[in-house]
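Next up, some structures in structure tokens.
Shared between the two complexes below is subunit A, which has subunit B as its partner in the first and subunit C in the second.
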Partner chain A sequence: MEQGRSKGITPRKVVLAPLDPVHDVGLKLIRRKLLERGHEVTLLPPDLSMEEIVARAKAMDPDFIMISRALSYGISELLAKFVDLCDAAGLREKAKLVAGGLSMKPVIAQELGFDAGFGPDTPVEAAVAYVEGQELDLSTGSRRREKADLTAGFTYKFLDSEIGYLCTTIAQQLIDWANKHTSSGVERARLRIEMESERDSNPGLYSTLRNDYASLTSGEVKEWYLTGKHVSHTRPITEKEAGYIRSLLKNADSIVIPRSQDILNDRNVFVQYGTGCPVMDAYHINLSVAWGARGVVHFDPSWGARNEGLLEQAWSHEHDGTVLTLDNLRLIKGGLIPGILWQVRAHRGLNTPETVVLAHLSGADLTKINIVYGSLGAGTDPERLTVDGVEAMRLAAQHNLPYDVVTNEELCGVPAAKAFAGMLIVATAGVLQGGRPLLQPLFANSPEGMVTGYTEHNFIDFNVAKMRVLSSIIDAPIWPGAPVGFLTQTQDRCQSSVMTALHAALALDSGATAVTIASSDEAYAGGPITAPARVDTLKATAAALRFFGEGGISPTPEAERIETELREGILEVLKKVAARGDFVASLYEGHLGDKEDGAYPGRSGKGTVTLKH
Partner chain B sequence: MRVIGIAGTAKNTGKTTTLVASIKFFAENQKMFITGIGYDGEDFDNLTGLPKPRVFVPEGAIVASALPLLESSDAKFTDLSDTGVRCALGRIFSGTATAPGQVVLAGPASTRDLSSVLAFAPDDSVVLLDGAFSRISPMVVADSLILATGAARSRDSHRIAREINAIDRIMGLPVVDGPGTGDVSGNGVSKMSGGLFLPGQGHELAWRLNGAGKAQTVYVTGIVNPQVFLEALEEINLNGHRDLTIVFDHPIMLLLSGDLLRWEEVFSANPEERLTVAVRASTELLGVTINPYTPTESGAGKYVATYVPPESFLGDIDGLTRIACTDIMFEGPGKLHSWLEKFLD
Partner chain C sequence: MSIKHRILDGCDVETFILCKDVDEGKTLGLRLMAELGFEDADVVFCEMGGPGVRIRLRGYVYRPSADYQWYDQEV
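Moving on, here comes the complex of A and B:
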């Protein structure tokens, strides 16, 4: 029996007993660590009966007896019998009994009568700490507590001067045009800021401003402001429900972080939430954080993008999408664990500037703005969203809120070259206004990928080409999404998790600053997204990162060809838009995605833009 | 302080149901101290995921459980005392319920720790000691025992009846005075320590008995496996002994290793005029509760609740056993209450 030396440690006598022949790897690892630290360790052979183990242990008079066995219903009775044998043999006068193996956890160890139980996620160090009498619980992992600055270190300088020149020219034109116009969306954002500053200090003025605000709303939102009638499918959040959310923060430090997820600590993996119910959202957020998510994205209901105006107070909504109100956001913020990045998206509807205001007022870290996607893929009139989008970017810069510029119009069928051209124009407009945009290419098996054959042989080349072309154009953070893996996932949770995890690993391996992933049931959820499905993809992503490690993922030479085609395509689109000299017109005329691609200029808010006085 | 243990022959044999009915019986007029040797009272079983009976304690009951579980119970506890014993879920505290409510029991797992925790039970209290799985070793501290068995142990009512009879017979072994802890060898008395639960130990016992001295009383300490004991009996020259008495520690030591039903052979092979099997201390078996419930696996790791016909299952077992049996859910708690009344007398 070999022994090592370790200063200041009382040597312990430890018996390790595998209760079946294929489950002694963990015990061998424990033996090695214990020996290194100077403990006296005996690893028994795996073919002994329980009675023989007890007899041998009795002869050794150990301080600890550690057994390993994968647990099942039937096996649990055998383990209970072993505990009884040890007890009756007098071993427990001195020795602590420890069980380890698949499915083992502290409550089961307790029920079986062991002094401690270690599951498969438990590191060897936890077993060593237990033997050495340390209170330190190494069975749980850690969580980074400081927020990452996703835009830190990026200069936003164009590396491709030709594209840079075109983007700057177009972006300046659209800013100049937008600055001469306004909309009810812009006006409401201004009113909301004033209302919130007067709400408590000057109720009279607040009431006047609120009436002004109501006059700029439409549909059911207007009806609520005027009559108090609830918007369809909503109900107020109760004080009890609000209490649930607040209690989450109170217990934040007791959240168990599985050690297997520690690999996500230094990666910025975002998940989306928006169940409709802020209470459910808060629980889903905490669950996601516990499994390694570093950021969460607030999803609002689609009707909120089509109605002029946002509600006040806290609401639950019986369908997907959590209603955007300052109270709802503040409630959710109240349950957010410190250190978690929180994005409130404001990219697509008639309330884009005001959503940025709410994001700022509620303490969000990030928002999401894209004029092109919102205009061509999300139903908002291009002219209106250009005015509102420019204002939203100005507000985001004013409030120091970075935002991603998403390109989900690719899902409609818009080629990546057009979507990227639009993203680069909008991002440039943001930078020109002092903002800090993040580029959000779609990592998916997009219609274009299928039609052109880019994704025929693998899902690596097209996505790597996207990362490379963007990185070669501008020094800006890239945050693939949103979420990654669209149109590669199926109803099968295993398959879905694998696809999500591989896309996330590819994104991070390709230099992404962050990545957004879906739950394993999100792509095909017939109803609410389930908690286990959230854990699925976070675990799968951690596993994929562990698998690839520093090994990396290599594309085929085809990636280089796609990259070249993408760059040429982006350049061609930008030239057309620049030549047109009117960004809004380009949106309507299909330069950034046309009907043949599957992009249709939206009609919500059409005719609502006016010249500024 | 008097201790009633509730032990099972397997998981899901109805220990919790028996415990809950016993708590109700004592709730009105008896000071209670409640603890368990495992984990019980949770809403859903940790292995099957199926719903479980919940444990409600009345105001005034003293409960010993892991502190986090007492703190999260909806029964409020006062006079919390650290027992100094630690289990897998934290330090075990005892506390008095100031309001009735559900509680999860996670108590001491070993006999030694159980003794430490029971030191916190008031002298005039009845201790209800909840079992876990088929664990029975710590029940040696109990004055009386209620055994829970049923379809989760076996759907074969005849096998269950045979097991009950074997346990009843073992628990009813006569109690004789022990030799104490000193060396008692000589004068027709022999002592063998380390139990009889490994192959070869029976041979050693026989060799010693057949050797010089011809001991008339043998004290065997530790766990005894019936098969090993049978091996010894086959080798012992009983004709060479007059009134040989073999004394074990406690009946429970005979229930921990090997096939319980092999004890039938031991007792049938016992020529009463020559061999007496006895114990130094015992626990009274009050009765047996029968549970027709059993979880059945319906796919990998998924379980559904199933039942054998309760009336015939109980009837078969009751008709084949000497000790009183009842199905609390089927017959009501009347028989159980009569056992508890007898215990109090």
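Moving on, here comes the complex of A and C:
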């Protein structure tokens, strides 16, 4: 037998023996590893009786006898008999007995008299470590402590000059228009920056600024600023609750990381949180990171988009969405494990620029901005969100915050070509302002996919076509979401996890820089997402990545046809918007998604845009 | 203190219940959760196949914003 030598390791004599007729793969893996490290190893054939195994082992005078058993039938009796035979042969005086295999439970092996037992999830390294007298912490994998730069290496150059010219023309027009206008959202963002810089050093000025801020708020938020009355379904965070979050960070260095999820270390898998409660969020974030998430996305309540102004202080919210305040964000940030990417969304609503300010002040790594989706699919007036969105992108560039440009209007029924045209325009406007946008195509069984038949035979072709067409247009990072697999998951957690995992694997296999995944509760609307549901899809995604490995996923020729149609559709939309010469008018008039598609210009903030003085 | 209070948020029970249809399966499932002491329970998933339903039931111990007592007492 060819053997190696590892420095500093005492060579051991090891006998490996299967107790099954055929199942000796695990032992072969152990043999290979032990030989590599210089041990003397004999693997007995799988057809020996226990008496023959013991007789052969005795002749070899080993330090270790390792047996494996895959079948569970009668295992206790078999193992007990084997121990008795070894005792009778005098083997126990020197050799340690180890049992392993699919049917093995470590506790039972030790109860039956074995020195050690390895269960089915035990890595080969554990057996090797045992032979070498070392301890291997089987529960502990590793997580990177450095943050990934999702935009590194991308030039943002248009590879498709025709589309690039149109996007640049339209984006410059919308920036020029927005720069002549302002809104209370823009003003509040400016006030928030001033307030936070004066809060501790100049209480008098802070108070004046705060009054100015309050005068620009509306609804329950205004009532809170004026009277202190809590917004519906919210209550202040208690000191005890804040302590829970602090303790998570305090224990961050000793967090248990399942080794089984290490494959996700090389991928940027994001999960969304926003249970309503920063404490519950902090726990969900913590366990998601343990199970392999490399980034988390903050979800705020939908009412936050419809009210002018954001609250202050730390709040717990009884319904979906965690309230956006600087104090809440700082609390959550306080529980984040080093190395985790943190996104605070500012993609829709009346507080878009200020949300970018809060993201910056609280130390977020990323934000989310899309004028088109926010206008046509999320209820904000197009004119208002164009002004606020351009300011938000300017602030994001100023504070070095990359942002994704999401296209969830596809869920309303807007065709991908229109959604992509809007995304490319907004992303171009971001680049023109010095920003670093990430393109966020929707990976979903969208209404368009169903109606056109793009998703009739598989969920691969349409999504691959989306990745290909975007990659062929501009050299920019692509981050499918959000989350992937929309309208493919059901309430069955097995089906839901598989759909999520396969979409995530497809995205990463297609060249995505990052991917956002759902929990297995994605299609369950009866209550909050639970912690195990988060683990489900992270486990499933790791398994899918392990399954496909470098093997890849192949689309059918249909993907190429869809890619061509998408490019033609994007071009047609851009030509219409460019010909109109007025981006905001194009939003109202439906060039980027109309009522027939299922898109409606939002009404929140209508009539609130004014010319700059 | 009940060990239930160490549950972070919800406890899922996934099983197969022999029944004549989905409605009966859901009813029996919720009765099971009540027997197990879950006051805030729901059916997450239920599908009939063969002699009964594959069912996933959830008992929320703590919904977000609840008064968490994870570490208040020894269990």
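Heads up, the rule we're going with is that the second predicted complex is superposed on the first by the 484 of 613 C-alpha atoms of A that agree within 3 Å, B and C clash if a C-alpha of one lies under 4 Å from a C-alpha of the other, contacts with A are read in each partner's own complex, and residues count from 1 in each chain.
Definition applied: a contact is a pair of C-beta atoms (placed from the backbone, for glycine too) under 8 Å apart; a residue touches a chain by one contact, two chains touch by 3 or more.
Remember, it's a predicted structure, so these values are computed and weren't measured experimentally.
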Which of subunit B and subunit C A:Val372 touches, first, second, both or neither: neither
Touching partner for A:Val498 - first (subunit B), second (subunit C), both, neither: neither
First, second, both or neither for A:Leu487, with subunit B first and subunit C second: neither
Which superposed partner A:Glu77 touches (first subunit B, second subunit C, both, neither): first
Touched partner set for A:Ala397, first subunit B, second subunit C, both or neither: neither
Superposed model, subunit A: greater residue contact from subunit B or subunit C: B
First, second, both or neither for A:Val279, with subunit B first and subunit C second: second
Contacts of A:Ala531 with subunit B and subunit C, given as first, second, both or neither: second
Set of subunit A residues, in rising order, touched by both subunit B and subunit C: none
Contacting residues of subunit C [partner subunit A, same complex]: 8-10, 12, 14, 42-45, 47, 56, 58, 60, 62-65, 68, 70
Subunit B partner contacts - residues on subunit A that touch it in the complex: 51-52, 54-55, 58, 71, 73, 76-77, 80-81, 83-85, 87-90, 92-93, 97, 105-117
Interface residues, subunit A side, partner subunit C - complex: 235, 241, 244, 275-277, 279-280, 283, 287, 316-318, 490-493, 521, 524, 526-528, 530-532
Footprint of subunit A on subunit B - complex, ascending: 10-11, 37-40, 42, 46-48, 66, 86-89, 106, 109-113, 132-138, 194-195, 197-198, 222-223, 225, 252-253, 256-257, 295, 297, 303
